[in-house]
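Structures given as structure tokens follow.
Each of the next two complexes has subunit A plus one other chain: subunit B in the first, subunit C in the second.
Now for the complex of A and B:
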């Protein structure tokens, strides 16, 4: 599985780019995402949009990987930039899948998806793409396709860091699968906030307190079938 | 069939539950279930003097595979093993081994798409009482539909028959069932079911019962329950309902506590069964 697209590597690259282009004032911003009970929220996608400059053009990146293993998708939430690709390998030993998405941002379907097989999908429109398996109804994953190159996904402690940001005004958007109508409305339901990064100053931690819906994923455990006279 | 076989089946299932890892839910892996049921009227009797309550145990194993036929169609061949016992009445012990085959078609894409299936079952049935031994066969039509991520609906029509050595134990029946399941939390669900059955039932009574004789061309004197009774095979309708609470133990196992009510009536034969059951299901 490929690492999530943030933290160490990105910070080093950003720092080197800053050195190269004389932007030593670049800052890192830490995000802390919690729910209404102040519990950390994992798998929230944080995206930043510069308000004083246009978004940089997209550059080719290595495809991310969303694997099928133990009849689950892994990772559950993947953020990537428009134009990026994702590989969807079937890492089961014997189980077939039928991977699909009906989301307007990227409808696709791979029926009879055998172990060892891997398909690649290019996500060319921004939005939220919901992945499912037509055989195993509980299998679920989200791909959040963003126009910005500045994004991160929260870890189990609810934190995420985005590195190499220029001073100026930014808009932060936070999306999570359990925001109300998150799958259908996509990025439109993201929590938004503007903030200003001062040059040569330590950026304060940006905290978001999300109101999340109950987790209504399809339950996986087996049940007895049938009822009636024996 | 010796009760030792039944005891070994239960012991094997219990050991498997304790020692198997919980996340190997391959298609081909066996799906095991173990149920303990209190039946208020195992004799299906309508007179209080003949009504006997008893605890029953059942174990079932189903090991199969999924074979994709096309985008929306699949076959599920499987091997079935089952055993049940009523400790108070050893004569009721029985075991079955056979095959299952199911064709399944999904109408569309996604978890909300309805699924139709046609299943066939065939078992060799062994029993401690030789007259109960025989061959059982069945066909089941099922239409399943998820209403949302937490709610499922299933409509089932089942046809079954048991051709036993002794014709009093023969059974032919048709049963329609409607089941609604709702997940209340990620771990707990509620199941409601209603069913309507027509076909043969086996009712035991202490003779003389001339009114039952008129209904039962097939009957036999037995000592299954430790005293002389007559088993009457009667074609009678049964209606019933079931409510159950399902608790997911992990991704591969669950426990279900349920109550089932059955009412059977034809002419002078009128009896009810109350069944309280605790079942464990585990997929390996």
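Now for the complex of A and C:
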């Protein structure tokens, strides 16, 4: 799974905001997320909320894609701004899927659609949406629907970068699927921290040390992994 | 003295008592040990069965839980259920309740409830409308426990509408780890469950609630009501009891009226003893419940009883054998002993000729041989004594037997009597020797008899002469008196013999007797091979000389004695006359002693004063 920082829209907006505030010297902030053993944490969602200014109004962006391939969702964690849409293409060769969510932020289901087809869902409420497949219990994906345009997902080295930030006070929120009760409680379990971004200064790396639960994902059945009967 | 027979009977009885007593101790001990061991074994066996039953109970419950959990897992994964939570609008929970109702049929759960994954665990759907918010607390408790522990299945015992039940709570994942709701399933621990357990384990099962100390409640049981009530009381009284123990329960048939209940007097009623095991079963948020597992002891003891019966028969047979054996041994001992006893009677009676059979090799055989040897020895001694009596005088024989035939003697005062037949040499020439011998024997026989009657001892016969001793070998205080009495008796006996001879037309005999008292040496005289008891001394010669003096016509007497003898007389109240003389029951006779003056005796320097002895007129 490749880390996919969703910076396209955010960068433009921050650029515009910087223009609006009359300051072109916007700052970048690096995040480094580790667990209690100081191992880098992938798939953590980092979101920044300005405390000195209101959030900019949401504007539609290009839909992100969460594909189903090899009876897995890909990517595992997707962060997007509220109002954005996601496409759920079935990239299997033969198997149908029945993608659903029971999360209050976006309950939906797409009963049994064939390979090659794709469904699109618009996430109109902030929160964590857990995607499942009614046919394959082990299939699991998280869509983190955020109100802020400033967010990123950590890469395999546990780092993420959010660019184009105005100086001032910010609240950082870090969410990860393996935080305790993350699937049920959603963003409420996110680690939060406030910090001030000084003008014309190099922002220090924001490090978060997360206490993560063991990975309790359902194991895939052996036959579908191609191992066959033995 | 008890009769020997009785004694030996007692010996046999004692032997019998000993054998039977020992046998009894051994058998009784064995019996008691076997009984105790088999009882303990039966209890152990029952206790093991109870422990196994307790394990089977746990396993059965666990299997039911696993079955329900698996069923629940399948249900929650089912599209039918899940889709209720995928709709944006409020789900149709009435339909969901109906769905759950049909599910209860499918998985044989008494009730299935669906609780929301919210703080209050709101009831969403319910297969049984009787289940309301109040009695769902155990499910709520379990679902919170499951969320806390992040476990896919939690379960526990609780009362659901008063019914003891096992509750299973499973989360409805949509998808995992997102919890959409909670599934609660249950199955009852009721009489059917208890009966099922009994079928598998053949153990009586009673579930008892001890929440109310005054009134323990039987929740379900395989026992008759009264027995179960008793078990419940016992369970209440011994909550901490974890080891198996024995409990008496009323042995009522299952259809007995329940009136004879918990407090019924067990001593009056028929009871059945049960090996009982209490198993405490924790309850959700409540006091633990007690599972009473029981197995009657009687069937467990059946094998032991059989063994004991066999043992009893073996014991009786051993007793009988021991009795026979004891009789045999006692008879084997007592018969020969009785024989020996009879033999001693024969020996006591002087019958030494009998012999005991010497067939045995044991101690009794040795004893028999010793007896026979003793008989032979006694017979030999008797024979020797007999011969001795004939050859020597009885007193000498007795002295020989007493002191042994050893050479040597002792000095003592003895009165010596010498008697000689006058004119015997002429007689021998006239008659045939056989006739002479016959006559001589007749004469000697009479004389000997008179001497012995008066306590004299024939020392020896010297042809027709007799030498007799008074005061030897046995000392006599009145030896002199006896000698004089004997002499006079001989004179009379000869007169009697002469009358007989006259009647036979034979010549009369005449004798002369000399009596002297002197200190002599008395003892066994001779060689080591042959010896005689006799006396040696000058006094003996004097007696012989005095006898010879009776031939002197002017003395006109047949009996001459010396002054020493007269001096030794005990009876001398009147001079010259012995007024009374008594010996050996003979009638008293007066004796006259007439002095004859002094004579010179050949071989002696001193003259000897002599006296004639005559019967008093």
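As a working rule, the second predicted complex is superposed on the first by the 200 of 230 C-alpha atoms of A that agree within 3 Å, B and C clash if a C-alpha of one lies under 4 Å from a C-alpha of the other, contacts with A are read in each partner's own complex, and residues count from 1 in each chain.
The working rule: contacts are C-beta pairs under 8 Å (C-beta built on N, C-alpha and C of every residue); 3 or more make two chains touch, one makes a residue touch a chain.
Everything quoted here is computed from the prediction, not taken from an experiment.
Visitor: Based on the superposed arrangement, let me know which partner A:103 touches: subunit B (first), subunit C (second), both, or neither?
Guide: second
Visitor: Looking at A:93, would you say it contacts subunit B, subunit C, both, or neither? Reply first, second, both or neither.
Guide: first
Visitor: Is A:48 in contact with subunit B, with subunit C, with both, or with neither (first, second, both, neither)?
Guide: After superposing on A, A:48 lies clear of both subunit B and subunit C.
Visitor: Check the contacts made with subunit A and report whether subunit B or subunit C touches more of its residues.
Guide: B
Visitor: Which of the two partners, first being subunit B and second being subunit C, lies in contact with A:183: first, second, both, or neither?
Guide: Touch partner of A:183: subunit C, not subunit B.
Visitor: Could you look at A:134 and tell me whether it touches subunit B, subunit C, both or neither (first, second, both, neither)?
Guide: After superposing on A, A:134 lies in contact with both subunit B and subunit C.
Visitor: Which partner chains sit in contact with A:216 here, subunit B, subunit C, both or neither? Use first/second/both/neither.
Guide: Once the two structures are laid over each other on A, A:216 reaches both partners.
Visitor: Shared contact residues on subunit A for subunit B and subunit C?
Guide: Residues common to the subunit A contacts of subunit C and of subunit B are 98, 100, 102, 109, 132, 134, 137, 216-218, listed in rising order.
Visitor: How about subunit B: which of its residues touch subunit A in the complex?
Guide: 23, 25-28, 31, 33, 35, 66, 68, 71-72, 74, 106, 109-111, 113, 146, 148-150, 156, 158, 173, 175, 177, 179, 181, 183, 186-187, 189, 191, 193, 195, 197, 201, 238, 240, 242, 244, 246, 248-254, 256, 260, 262, 279, 281-283
Visitor: Please output the residues of subunit A touching subunit B within their complex, sorted ascending.
Guide: 70-71, 93-96, 98, 100, 102, 109, 111-112, 132, 134-135, 137, 215-224, 226-229
Visitor: Across the complex, what residues on subunit A touch subunit C?
Guide: So the residues of subunit A in touch with subunit C come to 98, 100-103, 107-109, 130-134, 137, 139-140, 183-184, 213, 216-218.
Visitor: Spell out the residues on subunit C that touch subunit A in their complex, using ranges where they run on.
Guide: Touch residues, subunit C against subunit A: 77, 79, 82-83, 85-88, 117, 150, 173-180.
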